[in-house]
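So, here come the structures, one by one.
Next, two complexes with chain A in common: one pairs it with chain B, the other with chain C.
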Partner chain A sequence: MKPLVQLYIQQFKTTLAMMFQYRASLVIWTIGQVLEPLVYLIVWSVVANSSGGSVGSYTTADFAAYFIVLMLVNQVTYTWIMYEFEYRVREGILSAALLKPVHPIHSDIADNISSKIITLPIMIAIAIIFAFAFHTSVAPAPWAILAFIPVLLLAFLIRFILEWTLAQAAFWTTRVSAINQSYFVAFLFLSGQIAPLTLLPHAVQILSLLLPFRWLINFPVELLLGRLTMVETLIGIGAQFGWLIVSIVLLRTVWRAGVKAYTAVGA
Partner chain B sequence: MNYFRIFLAFLRVSIYVETAYRINFIIQLFQSLLNLGMTLGGLAIIFTYTNLLGGWQPYEVLALVGVYFLVGGIIRLIIQPGMEELIESVRDGTLDFRLAKPADAQAVVSLQRVEIWEILDIILGLGVLIYALLKLGEIIGVPQAAEFALMLTAGSIIIYSFFLILSTLSFWFVRVENILVIFQSVYEAGRWPVSLYPGWLRYGLTFIVPVAFATTIPVEALTSRLNWQTLAGAIALSIVLFIVSRIFWKTGLKRYSGASA
Partner chain C sequence: MSEEKDNPMAYAIHVRDLSKFYVVTQQETGTKAAFQNLVHRRKVEVRAVDGISFDIEPGEIVGFLGPNGAGKTTTLKMLTGLLHPTSGELSVLGYVPSKREAAFLRQITLVMGQRNQLVWDIPAELTFELNRVIYRIPPDSYRSMVTELTELLDLGSLLKKPVRNLSLGERMKCEIAVALLHRPGVVFLDEPTIGLDVTMQQRIRTFITQYNQRFGATVLLTSHYMADVATLCKRVLVIHHGKLLFDGELSGLLRQFTSHKTIIIQLDNCKADLSNYGEIESYEDGKYTLRVPKTETARVTERLLAELPVIDLLVEDPPIEEVIARVFAQEEK
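Showing the complex of A and B:
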């Protein structure tokens, strides 16, 4: 365990140094992360205003709260591994990582957490400004706040492991962009990033219950908005644990096969 | 038309190269359709709850989606690839080869790379636009069509000049390769009429990152919402920005010393 802790601390220092080197990318990246939920926030607010102040169970202020919390949940759980992994395989950089005595996923998790530690305060500040600008607030019950922390952590882990597994498609093909994009489109609709899931057609809602996406975004968001009962929360946590197990099994299977298929192109 | 012949030459090279990777066509088609499907899906959801979005009818927003794809395709077909190449070549010094060509260097740099499969987005965008206009049932008179063509041209020139100004920053600050990514994420906001957005954002999308000129304003011309002030303003801005970008290019080029050559 001790070497792993050291690895995380070292990776944190490295990531920190790199992020200060590339400050501009940080700004650019933040704009992207903020703008998308902001656009949907505005569009849905306009819709709510024009139909008497609410759509379904969401008032204008509820939409604002939904998309602001969504922005934060998305920020915490977000990964960029699918862009990076293809490059590592194509350029043969992965070879060096394979020689290390720990699984390469650890340095990726450490890198991800490190950069989140830096960007999260910025996002929280933006969220607070938005909350004032769009006259909204959240007032969840104390138990919901308490439950939110493990739920968010589980969402991060599942999303990280799933996307890390999917990124390994790069072992078999260098044309991963089509795969990635299909994943993002499914994610966008079924995780609740385009609209709160309760506003989607019934069939899509059923589908979203069977897939992991809603448990990664929509579930934590609705929990913090105080829209879930305790029973619903427990069911959601159960689903999260289920998907955690599935994603770990997938990761192990795919990784074992993938490393065999890896030919270190370019190295 | 000397520049047109340069463009055709680069286009021919691009076609030669890409026909060797024909599977890219299928992949690009798949991704374009997926993107379009996603956008239309989002619209469909929103219009089940309302029939007027900020004063825009469903088929007017659909026309906007068409223009969004059309202009996005133009940007990724010819504007962005050349600018990416420019930034890269300033960094590694290969801009020398472009400067040695017996034609205006800005033209060569701007036309040097064509991403041919992006033409799919242009075709899809046109298809969606025509379908939306047919459904709108409004008769598009010659004045509207002319205004639309004029605004689309002005918008493209504004976007091109914006890209060129950003890219020439690489003459002063070498590491700017990420700067063009800003545009991609901001351009997404152009899928919706900018009139929906609160003042500060509308202002930003008009004057800081000129997305509004590329998408909303051409559609406003088609749906007869455009007043002559906006029309004149867009034309004036396109001329001014084009000149400013030319000045940026000339001034920047004086600083270029050929990094590794």
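Showing the complex of A and C:
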């Protein structure tokens, strides 16, 4: 275990050095992360105002709280591996990784966590400013705050492993952007990114219960907003554990098959 | 002794009847052909490596020669576990490379002249540190290796500069260093000197010899620069169209494939017709280059000296590039 811890620490130093090299793109990236939820927030606030101050169980202030917390949850769980993997396969960078005596996912997880550690404080500051600007606040029960931390970590892990697995489509096809695009659309609607899931049609809600996306975004957000009962939270955590196991099994199977395909036709 | 030789484990690298075939779909151009392709694609089997066998002893430096597409890189990739062989037997340090076991990967390295593992925007030092933890190199051993590599490759302050600010040669030195931090016992080098100037090529060559001597490492190297092979390798493997054409000492290759010698003579300020002495290959600044059958060399030299005002005379083996080119040309026929 210790060598892995060292690997994570060393990767943190490397990522830090790289991020200082890419300060400008870091700023652009942050703006993007902020802008998307901000747009939905404003749209839904306008809708709520025009329909008498609320939509479903969401008031204007509730929408603001929802999308501000969502911005943070998305920030913590976000990955960019699907863009990266295709490039690695195409440029042959993956070959170098395959020659290393460590599973390449570790460097990726470490890199992701490292850059989050650096960007998270900025996002929290932006979230606080937004909360003031939109006159909103959250007041969850102490148990919900306590539960939020493992729930967020599980959401990160599942999202990371799932997207890392999906990224391996690059082993089989050079046109992964179509796959990525379908995934992002599904994610957008079924995770609660575009609107709180309770406001979506019944069929979509049922579908969202069966798919992983909801447990990665909507569930942690609603938990912190204090909208879930303890039982609902426990069910959610159960679903997360289920998806964690599924995603790990998928990862192992797909990775093995992917490497086999890669090494069959030439790296 | 012979029993030991039969044991593949006694070799650093053991290869028997190794093959790698690819199936590629061939597409013909044109609209009609495009529609035909939709229904039926013509599949063609490409034999990148076609039943090669060789053994390499621990500590040997072996050169791997062949034109582009001969199967050199495919073989290196199979030896490092990046490619699964179609058939044949393969072991490196007793491991089956395609299993990609951590214990195996910790003992080998592959340096590709056109690919790199250093992170572009940060100093090489940081990639070094990353490899230290990835290969679990103990701190003492890491420090001494960095010192040693810095000295041998004259790295100086290069490790502290962002990689993108290094020249091609400087970067290659750092690439080689980072690939050797874990003291691999088997080193695969694919075109390590490609694109480098002559001084830098020499520096890298010297280094490879030093590394081989200091650590008793086995080295398998491919290169387009014959000088690399001529200075580094006593033994060469020649591969063409996926088949092994020659395995033996470099001098043996010359002997086997050259039937001629080259005589370079300079005459005292006069032009003469030398065509009855041998085949004239070139004439430049009073210097003639003659191609003479090996068996005739002594006789022709004698005649030249006796009959012409010779200032200088030199008998040489044809350049190794030429020999190799001729070997491949013969194969084409």
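The rule is short, and it goes like this: the second predicted complex is superposed on the first by the 262 of 267 C-alpha atoms of A that agree within 3 Å, B and C clash if a C-alpha of one lies under 4 Å from a C-alpha of the other, contacts with A are read in each partner's own complex, and residues count from 1 in each chain.
Rule of thumb we're sticking to: a residue touches a chain if its C-beta (ideal position, glycine included) is under 8 Å from a C-beta of that chain, and two chains touch if they have at least 3 such contacts.
The model shown is predicted, which means the values in this text are computed figures rather than measured ones.
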item	value
A:R252 touches, of chain B and chain C: first, second, both or neither?	neither
Which superposed partner A:I31 touches (first chain B, second chain C, both, neither)	first
A:K260 touches, of chain B and chain C: first, second, both or neither?	second
Contacts of A:V43 with chain B and chain C, given as first, second, both or neither	first
Which of chain B and chain C A:T14 touches, first, second, both or neither	second
Intersection of the chain A residues that touch chain B with those that touch chain C	22
Complex interface listing, chain C residues touching chain A	22, 74, 77, 80-84, 98, 100, 102-103, 105-106, 108-110, 115-117, 119, 121-123, 126-127, 129-130, 132-136, 162
Residues of chain A touching chain B in the complex	22, 24-25, 28, 31-32, 35-36, 38-39, 42-44, 46-47, 50-51, 55-56, 133, 175, 177-178, 181-182, 185, 188-189, 194-195, 199-201
Residue ranges of chain A in contact with chain C within the complex	3, 6-7, 9-11, 13-14, 17-18, 21-22, 92-93, 95-96, 98-102, 259-260, 263-267
Contact set on chain B toward chain A in their complex	23, 27, 30-31, 34-35, 37-38, 41-42, 45-46, 48-50, 52-54, 175-176, 178-179, 181-182, 185-186, 188-189, 191-192, 196-198, 201
